[in-house]
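Structure record follows, encoded as structure tokens.
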Amino acid sequence: MSSSSYLRRFFHTTPSETGPIKLTQKRIYILPTRNGVILSIVLFAMLMGAINYNNSLTYILTFLLISVAFVSMLHTWRNLYGLYLDIGKCTPVHVGSLIEVPVSISNKGSQTRLALNIAWPNKEPIQFDLKPNELQWVKLTLPTDHRGYQTLGKLTIYSQFPLGLFHAWSRLQFKQDCLVYAFPAKNGQLPSKNSQQDGSANSGMTGSDDFVGLRNYNSGDSLRHINWKALAKEQGLFTKQFSGNQSDELVLSWNQTGSTDTEQCISQLTRWVIEAEQAGLRYGLHLPGQRLPTKQGRSHRHQCLSALALYRK
Amino acid sequence: MYFRRKKNKETKYRDDQAEPPHSGIIWLLGALLLVIIPHLLRLPLWMSASCFIIITWRILVEYKHWPLPSAFVKLVITLGLVAITYYQFHTFNGLAPGSALLTIMLCLKLLEMKTIRDTMVVVFLGYFLIAVSFLFDQSILFGFYLFSVVLALTTALVILNHPQASTSHHKYYLNLASSMLLQAIPLMLIMFVLFPRISGPLWSLPKNKTSAIIGLNDQMNIGEITQIAGSEEVAFRVKFNSPPPSAKDLYWRGPVLWYTNGRRWQGVHDQFQLHNLTPKEPIAFSGEGIDYTVTLQPHQKKWLFALDLPKDIPDIAKLGIDYQLLAETPVTNVTRYSITSYPQYTTGDAWPFVLQAGLQLPDHRNPKTRALASQWSQQSLKPQQIVNKALALFREQPYFYTRTPPALSSHDPIDEFLFTSRRGFCEHYAASFVTLMRAASIPARVVTGYQGGEFNPMGDYLIVRQSRAHAWAEVWLEHQGWVRVDPTAAIPNERVESFVDTQRFLTIIPEQLMGNHSTWVTQQLLQLRNSWDAVNHEWNQWVIGYGSDRQLQLLDKLGLGKLTAQQLIIMMIVLIAALITSTLIYLLVQRKSTGDPVSDGYNLFCNKLSGIGITRQPWQGPQDYNELACRQLPHLKQKINTITQYYIALRYSPTKRYQTEKFIQLVKRFKP
Amino acid sequence: MYQYTDDAIKQINQIVLGKPQQIRLSLCCLLAQGHLLIEDVPGVGKTVLSHVLATTLGLDFNRIQFTSDLLPADILGCAVYEREQGNFRFHFGPIFSQVILADEINRATPRAQSALLEAMEEQQVSIEGNTHKLRTPFFVIATQNPGFQVGTFPLPESQLDRFLMRIKLGYPDYQAERRLLAGEDPRRSMEQLKPVMDEEILSKLQQRVHQIHISDALLDYVQVLLNFSRESPHYLTGLSPRAGLALVHAARAWAMIHHRNHVLPEDIQELLPYVAAHRLQPSNEMRSNNQDELMAPLEEVAIP
């Protein structure tokens, strides 16, 4: 590695990386802590005393403590050296709540590593220990303030173990964006079906209540569709499926919100998507320039919410 | 210092403001107790008690989760203790008050110890107090005690830095701390050996009033001491570089006492400034010289001891007019010096005022003694004959040697001793003899010092203990100068009370000293004592006595004698940097041993291939890696295949057809 | 002994074209005494594969087509009243065979599914108080349509755990498909098949699998992998101890097929996707159910 890139990394201007990242000697920095400086002052006073009284044992103690400080520097450094860090996928959350970023730290050596800290800069760290050949997942939280992709800051892993005289650290910028859904509006009232101006999505569906089949009950399924007969026979909980079940279909669109402010619209639609999914409805989403078909289920919900989160971003 | 720090909630997170682990505090307090104990033994009782109470109370706080005292209470306690300390010592200057203040500050710091930062400061203060303890005592046992306390403090420091410290891992922390201390030793040795030593202090040392010395004193009061306890403490040790002298020549000269008021005898230094003068005539030495090196225990005086009479004296000393060796500064540390002495000498003519001082006697005291002496001198005897007469008196009359003489309380203690009690030890005989001589107009003086010594075959050196302190006399005779006379030696053995005292003038070999009175147990004890003393001697030689001269001597041996202080420091820094760098490099390139030779061998193989760019991923199996390597290095295909085959067979298969040694050999020979 | 497995693989390869890996896997599954789940669209040769496998190994073969109206009795059999004798006689269902192809298992109701799965697990059938042992060796190849199709009952995870492996056949490659198209109907050539072994040899082979050595280092590796799956946020739940056992056992059989008396890390790595993928659920909706992607974390675990 050339010296210029080394400097660039020191000043934290490196591009983000994909994991797993191994902490090598070029990534670990080490400096004395405040306590280390205090000890050096104490040691200087001791050395002066040793010289003045020409006291051999004080000399020995002073030199021994200086040496222990040096040795502890190597220990602190080695506490981080050779760790592997990687970042897991983060589950999307809504604006305002904390996003959880799973970070894996793996100790592939035969050495126990104690009192490791991992944190966003200047935030309270998460502390953990690693046994030999142990891999740990640590969940770091991050506040969210806007919808769309949130880039992660630089992650700091540091340690002062064993003597707290030196602070060894490494800063890592992972190439990972976490999706943040828009903030859901307060009003949870779903728009009535009559107000659906945009009926084109519905027109293809006939209103016939054709029984299609049974499927396992999912939480949130309408109670009306539970196969009660089967349940009475103790065969289990099943949900009857019908095609073209118009009464449960809903298309959410921009116009229904009745607002002109983009953010408010998105916020309201986000709320409706959550409510619709919870009510067990089949729902679609029409945004300017984007149409999501009428569907149901967690992955559909995610598609709708991410479309909203990323709208004009 | 003792007030709570203002904490701003908006400030960024600081690690050392967190709460320290409970078990760490317990360790710390335990270690601190060990640190403070030696100080407490020295401090006034009330101080020791309050420190002890504070530490005990702090331990209870940890266990019972009591709150720490408020700022006001802390302030009151602090001011109170500091004020009482000042009242006790009248100063904060000096070693004793300084160490007392430090001890108290450490105890007080415990009252406000809350964050990890506080505890670490306490640990550092603990280290400092240990260093202060060494100023009082540098003995080998104390050294070991305090270095084990250093280990305890370091362990506490390790635990304090592990917030999730659990009590079940104490052994791990202890191991970590001890291995760190052991790893630090090479670096420490480099610094200890190479750090340039300055002879003489940086600033003037405050007088150490508190420490008293046992054995020799610079004055003696006849008849006041009714019991002498022979302290077994070592005064100095002597290593002879030439054949040792016979026992009769083993007189180690110390302070010479001239002035007497009839009871008290003291040196002349104060009155006449004699010690700055040189003798009138140089000493005429004859016979064989004795080369030896003395390792002197610190005794806070300037006295250096030498056999009569020294010729080649060390740089640090000068010879007084009474032939006593004096150092330039008080001996506060173990001091080594080499001298050549000649048992045969003639001092020749003396200054008239010296002879004058050698005749001083108070008027109107000890009249009977003076009468006896003048009776002898009227017989117009020669001085030598008077000396013999006096010795004959002690030899023939019923004079006894005892360590527990009766008190001589009369106005004329010499008279009382010579004519009434007739029981005494060396001081009595020396003083009486000198008084007799002076009364007979023969210049005489009392010489104090040590006599004899015991030979330690373990270390091949002579030990001189405080119990060997002795007083004898010197008379000035025409043409001969000052001649040593030991009146105590005139007492025949049957009139010596204790057996040991009969032996003291005979020999220096302890086995023979004990003679046929020794049993197997005493022999063993003696052996043990000798071994222990030999260890102490080495400790003094190489640890405590390692000063500027010893350093020069060692550097000379290493061929570095010509280096200046700056060069030494540069060399020290270079060596330390080299050691740390090489450790770092070792850590970087080390193949982590797995404890399994097969795995280690395979790792070596992978490292060799990785050196030319064929890196094995941690998750890559041996066969996949083999395929990769063979594809990259088709010309080595066979060797790579064989190694992989061996590895797989040894590591994964149950058959024992392959030999581990062969596999390791193959890997070692493998050159990509 | 190796020659039997070699011959079997060779023979099956002549009929089922371009699927050597899947053939080895199915044989491995059979040797490890586990059941096989094939998830794929119809018409890629699932039936042919199972039929050829059965014939080659000299085993009985039965096929059960699962439909939404299939009843447990259609699988297990039922007691039939015989008027002449005046008593009930147990009428053995299709499950009393050695190799069973349970086709489109997710078309049937959970009741029918569980009837089969319980029989698979317990190796016996209990009907009206009578217990009937199933024949050995007993090997179920179940096929499942991928994805959620209308009117299907996807197997719940707890049931999926009972299959040792899940494989996908996939479309044949260009060469193989060409040979298929140009050649004769594989069903006809099947009639000329001769078994290369019999029940006895097969059960001996199955015993041999147990004797394949797996070193402690590899057991460590398996444990690290299991642990990883349990702690990684990639998955909702980790692998069960049963999955770990299945992995070890399958790896042994795999080693035997490859003429080895010991297991290698590569065996475990190779088999892990087939053994583990159907037992793991990705925790994130953004991740597809793609087998390869699911196993990406495999590269994060070092071989101890």
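Going in written order, the chains are labelled A, B and C, and every chain counts its residues from 1.
Just so it is clear, a contact is a pair of C-beta atoms (placed from the backbone, for glycine too) under 8 Å apart; a residue touches a chain by one contact, two chains touch by 3 or more.
Since the structure is predicted, the reported quantities are computational estimates derived from the model, not experimental observations.
Engineer: With chain centres defined as mean CA positions, report which chain is farthest from chain B.
Structural biologist: C
Engineer: Per the definition at the top, count C-beta pairs in contact and tell me whether B-C or A-C has more.
Structural biologist: When A-C is set beside B-C, the one with more contacts is A-C.
Engineer: I'd like to verify one number: the distance from the centre of chain A to the centre of chain B, where each centre is the average of its C-alpha atoms, in whole angstrom.
Structural biologist: About 62 Å separates the centre of chain A from that of chain B.
Engineer: Counting only Cα atoms for the centres, state how far chain B is from chain C in Å.
Structural biologist: 82
Engineer: For chain A and chain C, let me know how many angstrom lie between their CA-based centres, rounded off.
Structural biologist: That gives a centre separation of 38 Å.
Engineer: Which chain B residues reach two or more other chains?
Structural biologist: Chain B, residues with two or more chain partners: 618.
Engineer: Can you pull out the residues of chain A that are in contact with at least two other chains?
Structural biologist: Touching at least two other chains: 108.
Engineer: Pull out every residue in chain C that's touching 2 or more other chains.
Structural biologist: Residue numbers touching two or more other chains: 300-302.
Engineer: Give the list of chain B residues in touch with chain C in this complex.
Structural biologist: 599, 617-624, 648, 651-655
Engineer: Quick one: which bits of chain C touch chain B in the complex? Just the residue numbers, please.
Structural biologist: By the definition above, chain C touches chain B via 213-215, 217-218, 260-266, 269, 298-303.
Engineer: In the complex, go through chain A and note every residue touching chain C.
Structural biologist: 20, 84, 86, 88-89, 91, 102, 104, 106, 108, 133, 135-137, 139, 212-216, 235-236, 241, 298-299, 302
Engineer: Going by the contact rule at the top, pick out the chain B residues touching chain A in the complex.
Structural biologist: 12-13, 15-16, 116-117, 120-121, 124-125, 127-128, 130-132, 134-135, 138, 143, 146-147, 150, 154, 157-158, 160-164, 172, 176-177, 180-181, 183-188, 191-192, 195, 197-199, 201-203, 205, 332-333, 543-547, 576, 580, 583-584, 587-588, 592-594, 618
Engineer: Where on chain A does chain B make contact in their complex?
Structural biologist: Touch residues, chain A against chain B: 25, 33-35, 38-39, 42, 45-46, 48-68, 70-75, 77-78, 81, 108-112, 114-115, 117, 119, 122-125, 127, 129, 160-164.
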